[in-house]
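For reference, chains read A, B, C, D, E and F in written order, and residue numbers begin at 1 within each chain.
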Amino acid sequence: MPSCEGMLGFGDRVKTVKERRALYIGRFQPYHKGHHAVIREIASEVDEIIICIGSAQHSHEIENPFTAGERYLMISKSLRAEGINNFYIVPILDVNWNAVWVSHVESLIPPVQVVYTNNPLTKRLFKERGYEVRTPMLFNRKSFSGSEVRRRMLCGENWEELVPPAVVEVIREISGVERLRELAKSDKEG
Amino acid sequence: MPSCEGMLGFGDRVKTVKERRALYIGRFQPYHKGHHAVIREIASEVDEIIICIGSAQHSHEIENPFTAGERYLMISKSLRAEGINNFYIVPILDVNWNAVWVSHVESLIPPVQVVYTNNPLTKRLFKERGYEVRTPMLFNRKSFSGSEVRRRMLCGENWEELVPPAVVEVIREISGVERLRELAKSDKEG
Amino acid sequence: MPSCEGMLGFGDRVKTVKERRALYIGRFQPYHKGHHAVIREIASEVDEIIICIGSAQHSHEIENPFTAGERYLMISKSLRAEGINNFYIVPILDVNWNAVWVSHVESLIPPVQVVYTNNPLTKRLFKERGYEVRTPMLFNRKSFSGSEVRRRMLCGENWEELVPPAVVEVIREISGVERLRELAKSDKEG
Amino acid sequence: MPSCEGMLGFGDRVKTVKERRALYIGRFQPYHKGHHAVIREIASEVDEIIICIGSAQHSHEIENPFTAGERYLMISKSLRAEGINNFYIVPILDVNWNAVWVSHVESLIPPVQVVYTNNPLTKRLFKERGYEVRTPMLFNRKSFSGSEVRRRMLCGENWEELVPPAVVEVIREISGVERLRELAKSDKEG
Amino acid sequence: MPSCEGMLGFGDRVKTVKERRALYIGRFQPYHKGHHAVIREIASEVDEIIICIGSAQHSHEIENPFTAGERYLMISKSLRAEGINNFYIVPILDVNWNAVWVSHVESLIPPVQVVYTNNPLTKRLFKERGYEVRTPMLFNRKSFSGSEVRRRMLCGENWEELVPPAVVEVIREISGVERLRELAKSDKEG
Amino acid sequence: MPSCEGMLGFGDRVKTVKERRALYIGRFQPYHKGHHAVIREIASEVDEIIICIGSAQHSHEIENPFTAGERYLMISKSLRAEGINNFYIVPILDVNWNAVWVSHVESLIPPVQVVYTNNPLTKRLFKERGYEVRTPMLFNRKSFSGSEVRRRMLCGENWEELVPPAVVEVIREISGVERLRELAKSDKEG
């Protein structure tokens, strides 16, 4: 178990911190092997990992096809399939107000000591609030990305190899590929 | 009067449905002869047609120049001018949350059995909620479209031929063409 | 047809007003014979009456049991049953910002020349914006009120005599009395 | 493992349901032994229990002293302390729009087959959407209630006996009793 | 000029603080001599005082009769009439989310080192964010309060003696007493 | 002092207008010498100038790097440095509803008689509400623009010469250039 000493003083909301908790924020449209590798790694290093599903109210869009509930299922099934249990998943709605966004997240999650993110805005906002922010290494970023998975779904290519098996299952159950393709039939004049 | 039998079971909100009602959703920026032909057709087939004015809070934008109230007037005057009275018009605000949007619409309108729309997102969302969705045939889509009407207004071309006479009248009363042209004078740094 | 002369200058949004339109605003929880008498009277005096359903997003509350769509149905069926067709029904969401509320209503409805209301706040807000506001006479206010109808529903008394027959029909279809009674079983700690 | 057969047809969002999931909704201000007993019971009967923290944006009020993040911690620590791991916790913001509230919840959580709640509004809203709703038995409701816990905190009485040990710990860390007492010093003119 | 040394380290948003700034938050319904005495005192002690008008979107209510713009005018005229110029007035909308409220205020105002307030909630929220919070002495709280001023307005008593002369002037210009009295004519069924 | 006679009748909210007030609306990302020249000019002609900071909730974006509070500081310091004191600064949140936007602004500021803006939408919206709207002359628009200042910040060019000295100081204190550069490191998959 990691020593708690270095932690004291990180958060100003809780005086005595018993567990070491990390925050990982993503949109997970969908959850893919790139996310999975990073989260497994973090989960093995901390007591608990809080996984925030960003843009939770977005779904049924080309860039955001899946609901927060569907993404919840993808993440939890994939992690439990590997025996990982020390995670929490919290959907976070966009507030479109960057200056209050960190407070918004803080009010919905247990206190954390370190934030993992690859998004420059998230990084900057948490840094300005005094958090330690780390940028996880991404292997093969070009393939393991949400946009590549969605592109393959639209083009009928092999997207299944980019995501954990549990994600394939969830997307099949909800007819996710069919949904994405219907949304792609553009008709601007609604 | 159409038989109600096929209707039973469609909506889960009302047990006994007395009238056959259809829903048509559009933005109507502005209402043009393409909309008009479709709505006249539907109105002749059902007991009542509910016309939802989407993106009701948008106005004074290049793509959305008219308020919901102005669009209300265009539609009702055009239909009444032809003796059509079995319609309701309901302004619908955007909620920017696709997964709750159908519930939002349902809470504001009488129950309907069939939804007409050409918008793929609207189509998908109502289908996932179990509605019968139909795609109306559009004749001469290139001319009879809101964007073509707005383009002609900006370029000083003949836009009047694309809309019902009552719409010409409403747009003249509110100085709609002048409004559109002023909005088009771009100045990004507000 | 009423003379238009008195109308000129009322609204600053439309230069030439062709029809005389009145606005009536209520919550209609539910629509009762008091509302019905007033609206029939106004409808006979103007070209068109705009009926705004206030607090449209409220439903399933003791004070506000019915959705806007259900109230829509009560009003339209009751008026059509008497051959009245010159009305529009517009659901209006609360904005909880009194100073912008009149603009909000104006953006969703065709222009009106006179506003009928018994609510002092509505009266004041429209007066401050320069509208002519009238207070309709209410006969037998004690019986013909939404709270009395709801009270009778809860107590198993004769509420049906207070509302038009079409309203009885709508409330039966949606099991409205049962809904109200379930909501009344109070349990504060959710 | 419970048979899945009875489940088919419950939710219209997912065709094949693999796990039996229950939903429990509460405000948890704070999480007490009454909640705890019910949730342990449900957790032992289903594959997964989804615990929704209602009114997630409320905190620092006499009736709602704790943030969603703090309530998250109370629930998860209490359950993990007993070796219970098959739960998910999802904060749910109030939308103040009852007719869309079920859709809102559905969009944020995995699909569930049964809803447990003691709140009549929640019960009614899920029932109208076709869910099976159950009312958990509450033992000693008078003592094991959030309002009784808060009353004891304000009066300096023994509130600790009403909540699981992990909740005592969390409330001490965040100086929760001190917060509640400061908020109670009323001064209406802000 | 006060020494800046004590200030360093207060705010985490600006590294070098040149001016000593205080924040005073109130609703000012209306601005009265109690507010005025406190603000004059603070203004004489700091370089700049930021006066936040809370609940800015509330107006035309019995408890909140005046718009933020009207309150703005009352405050600025009263202070300028005494030659006080080192103040800023910032309207603050309610966000109904206590946990993000301090961030909300921080994003709209220059950085401050000390917060003056008599409201226990405001006090607690700023304290939890690490601010120094002071409670100004209120003389003759019973008379110099917004509710007493509004009560006297409604009862036709002498309210003018409780507010600075500039406030009397503003309220007369906007027919404020007439507005309050009209709003007080209660009619619950809107 | 300018005669008040021409003013009477401009605003419908206040009957007797004592001061001549002008409104200037901008985003000020950041405040530059172009804004400064115009505002100094207006401030010398009217009794009071109300400066509205538009899009107040936007910050930490490439196009909108600074918070409303930071922009507040830039404007007030720059004007006070030149001995200008007859101004008010009011942050205005976007409402994304053009038809109610003027009411929104009106509810937050003292009444004004003339509006200065270079933004065509703002111009049109205030004109439709009956305001006198003027377009200030902009000298050297190409250099003195927010986008040019931000471009120079990103490219390491001389941005300081485009803004008043007080703005340089504020941006240095908040590490504004560093913030902008971090935000520019694009990573679309958050």
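Basically, contacts are C-beta pairs under 8 Å (C-beta built on N, C-alpha and C of every residue); 3 or more make two chains touch, one makes a residue touch a chain.
Keep in mind that what you see is a predicted model, and the values were worked out from it rather than measured.
Chemist: So which chains count as neighbours of both chain C and chain E?
Modeler: D, F
Chemist: Which of the two pairs, C-F or A-B, is linked by more C-beta contacts?
Modeler: More C-beta contacts join the chains of A-B.
Chemist: Out of A-D, A-F or C-E, find the interface that copies B-C, where copy means more than half of the contact pairs are identical.
Modeler: A-D
Chemist: On a C-alpha centroid basis, what's the spacing between chain E and chain F, in Å?
Modeler: Each chain's C-alpha centroid was found; their separation is 24 Å.
Chemist: When the C-alpha atoms of chain A and chain E are each averaged to a single point, how far apart are the two points in Å?
Modeler: A distance of 42 Å separates the two centres.
Chemist: Between chain B and chain F, what is the separation of their C-alpha centroids in Å?
Modeler: 37
Chemist: What are the residues of chain E that contact at least two other chains?
Modeler: Residues 13, 57, 59, 67, 97, 99, 106-107, 128 of chain E each touch two or more of the other chains.
Chemist: Specify the contact topology among the chains shown, as one of line, ring, star, complete or other.
Modeler: Looks like something else, not a line, ring, star or complete graph.
Chemist: Go through the chains and record each pair that touches.
Modeler: Per the contact definition above, the touching pairs are A-B, A-D, A-E, A-F, B-C, B-D, B-F, C-D, C-E, C-F, D-E, E-F.
Chemist: Residue numbers of chain A touching chain D in their complex, please.
Modeler: 13-16, 56-57, 59, 67-70, 72-73, 76, 85, 88-91, 93, 106-111, 173-175
Chemist: Can you list the residues on chain F that touch chain A in the complex?
Modeler: That would be residues 57-61, 67, 179, 182-190 of chain F.
Chemist: Given the complex with chain B, which residues does chain D contribute to the contact?
Modeler: Residues in contact with chain B: 12-13, 95, 97, 99-100, 102-104, 106-107, 128-130.
Chemist: Which stretch or stretches of chain C touch chain E in the complex?
Modeler: 25-27, 54-55, 96-99, 117-125, 128, 145-147
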